[in-house]
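Quick one: the structure is below, and I'll ask about it shortly.
Note that the chains are named A, B and C in the order they appear, and that numbering of residues resets to 1 at the start of each chain.
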Amino acid sequence: MASLELIGVKKRYGAQEILKGIDISVEAGEFLVLVGPSGCGKSTLLNIVAGLDSATEGDVRIGGRSVKEEHPSERDIAMVFQSYALYPNMTVRQNISFGMEMRKVPKPERERAVQEVAKLLQIDHLLARKPSQLSGGQRQRVAMGRALVRKPRIFLFDEPLSNLDAQLRVDMRTEIKKLHQRLGATIVYVTHDQIEAMTLASRIAVMRGGELQQLGTPAEVYSQPANAFVAGFMGSPRMNLAPARLVEYADGPALGLALEIQSGDRLKARIPLPAQPAAVRAYAGREIIAGVRAEAIGFGGGRLNGHRRAVEASVEIIEPTGADTLAVLLVGGREFTARLGPDFPLKPGERGEFHFDLSKLVFFDPRTEQRIA
Amino acid sequence: MASAAWESPQMVKGRGSRLSRAVIYGLLGFFAFVYLLPLVVMLLTSFKPLAEIYAGNMVALPRQWTVEPWVKAWEEVCVGLLCRGIKGYFWISVKMTFFAVLISTAVGAVNGYVLTKWRFRGANLLFGFLLFGCFIPFQIVLIPMAAVLGKMGLASSTTGLVLVHVVYGLAFTTLYFRNYYAVFPDELIKAAMIDGARFWSIFFRILLPNSGPIIAVTVIWQFTNIWNDFLFGASFSTGESAPMTVALNNVVNTSTGEREYNVHMAAAMIAALPTLMVYVFGGRYFLRGLMAGSVKG
Amino acid sequence: MAAGRTPSMPGARRWLQRNLPKIVLSPTVAASLVFVYGFIAWTTLLSFTRSKTIPNFDLVGFLQYVRVWEHPRWQVAIHNLFAFGTLYIGLCLAIGLLLAILLDQRIRLEGALRAVYLYPMALSFIVTGTAWKWMLNPGLGLEKLVQGWGWTGFTFDWIVNEDMAIYTVVIAGVWQASGFVMAMFLAGLRGIDDEILKAASMDGASAPRIYLRIVLPMLRPIFVSAVVILAHLAIKSYELVVALTGGGPGYATELPSTFMYVHTFTRNELGMGAASAVMMLLTVAAIMVPYLYSEMRSAHRPAH
């Protein structure tokens, strides 16, 4: 297993800049997920790592050595594609051993390797079949088998689960995670599905418009998004982002900060805040964007303490999911999605008291959309 | 007469009244008759002795079936000054068509592969440049080609004709393969590259084995056009080295002596049989070839 | 560890691999340059020279073009091209469309019928010409057949009639090509969503109305394609005339293509032959270029 470094990678197609300078370093054995909306450049970046595309500027280093000039087959990588890319005219056995054939590995050795991998992925009974005779999940495993048999330094996955139905997708996700644990492989995985990203990654790289928005662990990306885009993209339901005003008020002898939320001429909501770092205090009297996750909102008084504040809100919509209830609340005229218990009693139109866990609040600058704190 | 407030959708396609169905079938049958008539007439005439032709009419069944016209056409009929039948010319056509189809298809396949899977700047422009050859009236190249063939010592030779047909067939074969490979999944190519396959391995191990349909279409199209060609054959070959179509024209249009219509028809049938057989057995691909040529780019 | 990387292939082989696509393509490109573009240039050059039996490079401006246009045979050829062309295209379109609409009505034996209408395209023009020449033979063909049925006054000697001979070419040509037009229209008709027709029916439109107002307009691109292809075939048609009438009687069925051939190979007038060929090319270009241009424009316009 090897490490991977992307250093100042840029990609231009004529006048269009697809990648605007990407710097990422992946340690050996890490599972890096590149996630972002379509068109963000993640697949292009993966192709550049693979050698299927070349960077206009910048370097790609595997195991400390630059591979920029090397042909894909010389980089000691393996790739699993969204459409599996199994050769339709070959049997499963031939599909898996094709790479070895190209490298002139002698037949007995090829046979052994194929058997080993087939047993591992439980496809040994399918070796004589052709791809058209396999189900989606089976094809996926053959594609993985083809990658495994190379014993590469790095595994690349290009949206491998997008073509599977929902249940199968969950099963395969677990398979891939098991593989990572068992082999300790360095994996670079591209997906547009942020749930996949969260569940599989040891680190996530969020991309948008050819630029890296944030590189961090799932927890970091989830709770401390670097900007409003990451906040809205990761997590389902997305983080609640509300434009608000930060005001100072007299709190006894000291000055406290409160959040004022108002939309149109609805009732203004005022939420006093606990002590905030200097960066936030600098925004006193100004517009700000407040972000809070659905889980940080709860129903009822609960145990109010330093950072839990009671807020009144009216219920717009309820979506019971079985395990919990997602409720869209109106606070100060703005919508907030809350994740509440499965036996949430209120109906749409009713008002109630909710509590917000303000320690989970994050703030963004309204103009730059970067996180303040 | 009571009628529905609006006619059911079936009126447009399918179950109409019995009268309209009868009319439809009647028309179709009439046209089928008209389309088949020349073929039937040719066949009937080719099996009749000459006397019957002069005595009877063209759709009358032969009272005395004879294959003599066919034998005569194959072995004895006069083409120009030689009276050795058309078999020699038939074989010339076979040789010429075989090599021309083989080479133009093979080169077209590789061209299509390069133009779609090895994107380089100007690939599309180059394709347009090559495509032009599909549209030119070939009269425009006759004079220079005759001169060049003469200089190369290939005037009036099968090799010369093969060269001509390959050169002018390349535009079509490249078009067919290019359009087919354009929608061939790129990921298969990528996977093969990662597996270590290079330029030729990808072509022979991945693309070609999955190209059955387009090879059939291209081969049938080329075969039909090259076998049926007359213009190039007439312009670039003389006498004994002429292909089948030229020989046939020669036979039919000689105005010396008695017109042996039955032999002429037999000769025409012999000339038509190869492409007709290909049509009968490969009709689906024949049609695709026709349509592919009409749906551009 | 050595700094820098080790190239995995020696320089020359690398260059070969990187440029292999272009190298592989070059024979075809070269062939096209020489045999298509080069030859067109050559012929065009010849059309401006005094060449007769052999090429001669004395430039004489447009002399040959003038000679061609003033030639009575060329004038007949042009007149024939129009007469033949319009009838050929018109009849092929009409019959092709009719057959396609009929076949689209869920007919039994549709496959067989389609095969029957299309097979003439598989035949050489020479074979087609031979067959029709025989059928239209005044003494022994259609004329005799109909007379034999009792209609003794029937004459059908168009093929030897100076004024009517060109129409025999139309008959044979339409017989050959209308099946192709039918196939194009049938494919187009099949591509029309049934639901549109159902909606129209529910709106109260009758069958003929639906065809006229909805179906035919949707087939317009096919009309255009068909016209372009048929015009192309008409301009190129050479073998058909040669086999059917030999250009005759006299030169009553002369077309630009036969004119060109005769003057180049038989009458030793290379300059005139070249000029007529160039004019054929220009006519084809005048049709194809706008068509291709509009096709490429619309191909670059689709919603993304």
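Simple rule for what comes next: a residue touches a chain if its C-beta (ideal position, glycine included) is under 8 Å from a C-beta of that chain, and two chains touch if they have at least 3 such contacts.
Just so it is clear, the model here is predicted, and its values are computed rather than measured.
Participant: What chain lies farthest away from subunit B once each centre is taken as the mean of the Cα atoms?
Facilitator: It is A whose centre lies farthest from that of subunit B.
Participant: Ranking chain pairs by how many C-beta pairs touch, which one is first?
Facilitator: B-C
Participant: Hey, how far is the Cα centre of subunit B from the one of subunit C, in Å?
Facilitator: Their C-alpha centroids are separated by 14 Å.
Participant: Go ahead and note the Å separation of the Cα centroids belonging to subunit A and subunit C.
Facilitator: So the centre of subunit A lies 58 Å away from the centre of subunit C.
Participant: Quick check: what residues of subunit A touch more than one other chain, meaning two or more?
Facilitator: Counting only residues that touch two or more other chains, subunit A contributes 71.
Participant: Residue numbers in subunit B touching 2 or more other chains?
Facilitator: In subunit B, nothing touches at least two other chains.
Participant: Can you tell me which positions in subunit C touch subunit B when the two form their complex?
Facilitator: 17, 20-22, 24-25, 27-29, 31-32, 35-40, 42-43, 46, 55, 95, 98-99, 102-107, 113, 115-128, 130-135, 140-142, 144-145, 148, 175, 179-180, 183-184, 187, 194, 197-198, 200-207, 210-211, 225-226, 229, 232, 235-236, 238-239, 242-243, 246, 257, 260-261, 264-265, 270, 273-274, 276-278, 280-281, 284, 288, 292, 295-296, 299
Participant: Inside the complex, what are the residues of subunit B that reach subunit A?
Facilitator: Contacts found on subunit B: 185, 187-188, 190-197, 201, 205-206, 209-210.
Participant: Subunit B touches which residues of subunit A in the complex?
Facilitator: 47, 50, 52, 71-73, 77-79, 81-83, 85-89, 98-99, 102-103, 146
Participant: Enumerate the contact residues on subunit B facing subunit C in the complex.
Facilitator: Against subunit C, the touching part of subunit B is residues 5-9, 11-14, 16, 24-25, 27-28, 31-32, 34-39, 41-42, 45, 53-54, 57-59, 107, 110-111, 114-115, 118, 120, 126, 129-130, 132-133, 135-145, 147, 167-168, 170-171, 174, 198-199, 224, 227-231, 234-235, 245, 248-249, 252-253, 261, 264-265, 268, 271-272, 275-276, 278-280, 283, 286-287, 290-291, 294-297.
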